[in-house]
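Dropping the structures in below, format is structure tokens.
The following pair of complexes shares a single chain, subunit A, combined with subunit B in the former and subunit C in the latter.
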Partner chain A sequence: MLNKITGHEVDRRLLLKGAAAGGLGIAGATMLAGCAPAASGPMSFGARTVDESPTQQLEALVAAYTVKSGNEVAYNATESNAFQNNLSQYLQGTPDDCFQWMAGYRMQFFAEQGLLEDVSDVWDDIGSQYSDSYKIASTGLDGKQYFVPQSWYPWGLHFRKSMMEEIGLAATDVYNWDDMLGALAELKGQGLIGLAAADKGGWEAMGTFDILNARINGYQFHVDLLAGREKWTDSRVKEVFRHWEMLLPYQNTNVLDLEWDGAMQLLLQKQSGFFMMGSWFGGNFKEQSQEDYDDLMIIPFPEINADHGRDTVDAPLDGFCVAANGGNTGVGKDFIKFAGDMEGVQAMLDTGVPMTSANNGQDKSSYDAFQVAQQAVMDEAKYITQFLDRDTRPDFAGPIIGPAFQSWFKDPSSTNDILESLQSQWDALAPL
Partner chain B sequence: MKSSTTLDPVLQKLPKAKRRRSFSKRDRLTLGIFIGIPTFLHVALVWFPAAATIYLSFTYWTGIHIGDIQWAGLANYENIFFNTPIFWDALRVNVVWLIWFGAIATPLGILLAYQIDREIRGSKFYQAAYYLPVVLSLAVIGVIWNFLLRPDGLVNGLLGLEISEAVSFFGDDRYNIWVILTMASWRHIGYIMLLYLAGLKAVDASLREAASIDGATEWQSFRKVVFPTMKPVNVIVIVITIIESLRAFDLIYIIYGSSGGLPILGVLVFQNIAGEGASMKGAAYAVILFLLSIVPIIAYLRAQFKEDMK
Partner chain C sequence: MSVTEGKFENKAERKLSKEQERLKKVKDAQKVKDRIISVFIGFFAIAWLFPIVWTFYSSLRPYKEIRAGGVLSFPKVLNFDNYTSAISRMELPTYFFNTALITLPAVFLILLLGSLMAFVVTRYSFRANVALLLLFTAGNLLPPQLVFIPVFKMYLALGDLVGDRRFLYDSPLGVILIHVAFQMGFATFVLSSYMKTIPKEISESALVDGASVFTHFFRVMLPLLRPPLASLGVLMTTWIYNDFFWALVLMSTDSKRPITSALGRLTGEFVTDYNLLAAGAMIAALPTMVVFFVLRKQFVSGLTLGATKG
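Moving on, here comes the complex of A and B:
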């Protein structure tokens, strides 16, 4: 029902646009028809990053598309937090035709609101280049595709090979919780920080929660908790915080003063042994120097409960969407097809910026050692989750869980109060 | 209008008498346009959104399709008051902010204005130095101070501290609020100084002279002569102090983003109404903030005007 209404509204908007364009009414009709075969004209692309490496990648993609299609592409970059905060308004206003976004709940929400263009026909063309799990992650609640993946990265424990060698710590042998605590104690004994941590941004610590919960209570409980089918006051959740508390003595003390990049600096400057983060920051190491990048390694977060082993990993999928309200959705779809096609992926890979593409066409034998290790982390996992703020309601993740974790860092003894408050805030959420 | 109270009553009556004269059609048209357009804009851009926000604060809505709005009654407010601990944290920060501005920053600004008005040596230099931060927006001030105080910033660098041992200016609850208030005051003091200075320049010098001839001390002449004559400026200063402390947003947003590192109401409004997490809880926050700002101001202004009537 909702979808029907939504569909009507979009049509009306497009019609109005067509009418406003006067003589361009025909163009409006083509847009309504959906897939214009040889789409042409200028379009705009919205990047949700201003960082050096990903910008290089995306500009290469845009340039390759322009060369191939002759369509001019305006490149608009926004800092990722700002982009996220404004997305709703952005999509309702005059958005870029194609923009960078994330798979899963975050995409489904906007698709449900009719703000994303159905790209199922693009998937008909390029779908064979992707495995089924990526297609599922790109699919909205109505069964249509609204997303084309660009790249994935696992969350895990990162460390510097040279540093571990110096200390004489076999980091790759860290398999379970006891191994990890042992390694952390060893690092602390050397006067180092065991685990670099940050949570000023409010999201960084979510990765640690995700993995602890999945390791201790398993994938199903984690997913059910985030969907509201399990309670935050459950003793199993308390167990997560009890384990987390064991890590605190080995962390830097200024967790709330550092954002992810501050914690990354700790690893880069060899002040900390491990860093729990998504591997995407490898690009930042490479910006620093090739040597730093080559030194970087990742292992899966250790096993805590033998029942679940290391069977789950947070591996968010980033990619592209076409905005329903864009000025030139036809070209937007043409662009997203190019971006998802191996030809576009190759343009991004050719920049030399490390990327683990979701496209099957990427030659895995060309992976560097760090990418091979990322693949190994993925291969060991049976279940893949996106990330806490992509797996639960957006009005719960950012405004509620974020500050709750921050206040836990201020006073870890208040776990029970915080969990009770989390549950009552979940219960008070607006009905969907 | 306020200054008219100091005018001679005869003068006050004059324009009224004039106004009773009937206007020509042309005048009416001109007046109609001159009053009508601003009124229309005001209603459309201020009153309509305000009323809509108040209405929406009683609903559930994701902010996208008008058809999805559902009546929620007081649910958003109940949620805020009884289920949201961060609301009380934010309220506390805002109240501390208000007290700090009211008790320290604003009086300091007045003091500086008074000193500079006395034309002490180098007053032009001081004036420029204190006023400089005012030309910067709070966002820019946030960027500057963030650059100085963050863990890998200038101050920690000068202290020779590594990131891991850096003084946690923004992360440690014991003093982050005072750091922020110092940053905010840096600008606020200059702003108040400027306003007050403009007022002081307008105070008739003969009043002071008379006071000092009568043997009043510096403090007495300020307290009993200058301060009361400055009434219109005082009202503005007080209103500005209240508004600036309650609507604080940009500075915090630059330093903490919307993550709630140091919660304040302005950021809660934004976080809950913009972005993916949009719900009309944000509208309810906005209404609460609106009431908090408007009620004391209206009460104060009413009291002031009543006094003037006497």
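Moving on, here comes the complex of A and C:
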């Protein structure tokens, strides 16, 4: 596979030299290529990962598509942060025909600028395989679909079954805020950390904020706040931080020194009872040992305000988009259809890398206990949010909210100042 | 220290005449000064070396150990495992080839065009030559972050004009050209400073012998420019080799980018193994270090070239 790709690049380089020598000839050739019938011919796929397991999945998908359609696919992988930071130029320049991306605001932002191809007709074909909440997350502000989901994972409270048994805590029965504080106090009484927390990376704590806000103030307020329709200085936001402060005594004290994996270690080594995180980290437990993975369990974050119950969950949706400026959009759409169809999903599942697919066709009887629990967390929720840094402006989430939360951990009594500064920084952002 | 010096002076008082005593004092003062300077230099040498030494040390330790015991824990395992896995994950041959494909033509073009430019502004006097020199040097002052969006749009527009969007954007050619544009100012400045030190008589005799402009440049001036060209070549090679920014914003296909961006392949979306990254950084830095140690004379003279004569 790789050899094939390298070969392809060399060809392109030769082509470029030719282009430098005489642009006109190339112009003619490109025009001829443009006349090729849609949905056949070579295309390129852009992966936003160089990690081992997802690469295995995506390469299996690409290989299965090549076998089925006969279209050659060049696989271009870019490290996720570099890909994300450069996406705007990437899409305006010479993007791959189909690329891996995220649902929600992050997708809508680029769809609004006309950089993504409308894939509504693909949804006409494969839409029946997905539930409505996924279609909503794939829809742009103009009501058309620009995204096909691949997989999801929920955010929730993770714990180790064996550890809770030893302590005698019925963790699955933790339903509301009082239950949670009770369980945390119990853990603290045993000399353990109640809730493992990290925020060195600046994003880890965002999940806790999301869920507290959604539980206390509801889905609509949360979404409106992140979209700038509500103010950060609102007393309802202060309420969120008041609740958050109640959790601090049960957390590890080195929150700002740990990245997410440091906090995960606390759970892995049974030093901490609970861990609020996205379920994707289960893969790291599996790397440790199958036994550790089987011991892992997730429950929804407890209810705080009975009006909202446990109706919202942060469940980032990863998937694919077709770039409007791609060289072969027709094949790109054909590919995305295959990726969304059960046939393509099956190709990814067959690699054995654990994945909770968004496709209804995935055989859920093959789910392991942890995946069943993830599904239960999803099923209980009526509203799905995409995680803070995907639900608001990228130039607000990372550079502004991240450091604000970090400074809150340093001095929780400065809530008011921090919220005021957040609001004034939002107001100062350049219009998009 | 002061005690030993005191003894010294006592002995000196007895034996030496006043004039000799004065000289001795000056000498001693110089010694103290030298020592202070040595300590000062030593301190900075350590401060400069520390990051490299620490990176190397980190690269020898497995990430698991760091996660378990922290960065400052006593090392139990020291080996080159990180290097082997970094080499396999970075796809070194591809990325080193990409770097060479960008660096070599860029350096060649910079030196060629820079020396031509310097030749004209120093050897021919016409009204605009100082202004021209200033213009070229001023280009150096523009931060690349300021101009990359216009450059990006221009590359796309030019690509559309030719009929292939990848004519300049997402192509080594585009990155080469932008490096040439940015570094030529500095090259011109350095080379023209050096050229001013070459006696005008050489040029005059060449002209008297009937040399054309090109003969004058290629046969007379260029051979004389060998030392500054060597220094500049070394400097430019390391600068362009170390560039990450232009390749990132002007290329969209990762497999065409130079070695500096291959380091990104070692970071994961959620987990980054910093020890592995340290090994990768050492590998990526190795060629520049080799170049520096082999050619450090040219390096230093390159940095001060024309500094006193301009």
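Convention: the second predicted complex is superposed on the first by the 393 of 432 C-alpha atoms of A that agree within 3 Å, B and C clash if a C-alpha of one lies under 4 Å from a C-alpha of the other, contacts with A are read in each partner's own complex, and residues count from 1 in each chain.
In the analysis below, a residue touches a chain if its C-beta (ideal position, glycine included) is under 8 Å from a C-beta of that chain, and two chains touch if they have at least 3 such contacts.
Computed from a prediction, not measured in an experiment: that's the story for all the values here.
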{"item": "Which of subunit B and subunit C A:252 touches, first, second, both or neither", "value": "first"}
{"item": "Which of subunit B and subunit C A:399 touches, first, second, both or neither", "value": "first"}
{"item": "Partner chain(s) touched by A:220 [first = subunit B, second = subunit C, both, neither]", "value": "neither"}
{"item": "Which of subunit B and subunit C A:190 touches, first, second, both or neither", "value": "neither"}
{"item": "Subunit B versus subunit C as contact partner of A:89, first or second or both or neither", "value": "both"}
{"item": "Touching partner for A:265 - first (subunit B), second (subunit C), both, neither", "value": "both"}
{"item": "First (subunit B), second (subunit C), both or neither touched by A:78", "value": "second"}
{"item": "Which of subunit B and subunit C A:414 touches, first, second, both or neither", "value": "neither"}
{"item": "Touch count on subunit A, higher of subunit B and subunit C", "value": "B"}
{"item": "Footprint overlap on subunit A, where subunit B in one structure and subunit C in the other make contact", "value": "5-6, 9, 81, 86, 89, 92, 262, 265"}
{"item": "Subunit A residues touching subunit C - in the complex, by the definition given at the top", "value": "5-6, 9, 12-13, 16, 19-20, 23-24, 26-28, 30-31, 49-51, 76-82, 86, 89-90, 92-95, 260-262, 265, 280-281, 284"}
{"item": "Complex contact set, residues of subunit B against subunit A", "value": "60-65, 67-68, 70, 72, 75-76, 78-79, 83-86, 150-152, 162-164, 166, 168-173, 256-261, 263, 268, 270-272, 274-281"}
{"item": "Contact set on subunit C toward subunit A in their complex", "value": "67, 89, 94, 101, 152, 156, 162-167, 169-173, 248-249, 252-256, 261, 264-265, 267-271"}
{"item": "Footprint of subunit B on subunit A - complex, ascending", "value": "2, 5-6, 9, 81, 84-89, 92, 106, 109, 113-115, 193, 200-203, 252-258, 262, 265-266, 269, 271-272, 394-399, 402-403, 406-407, 410, 421, 424-425, 427-431"}
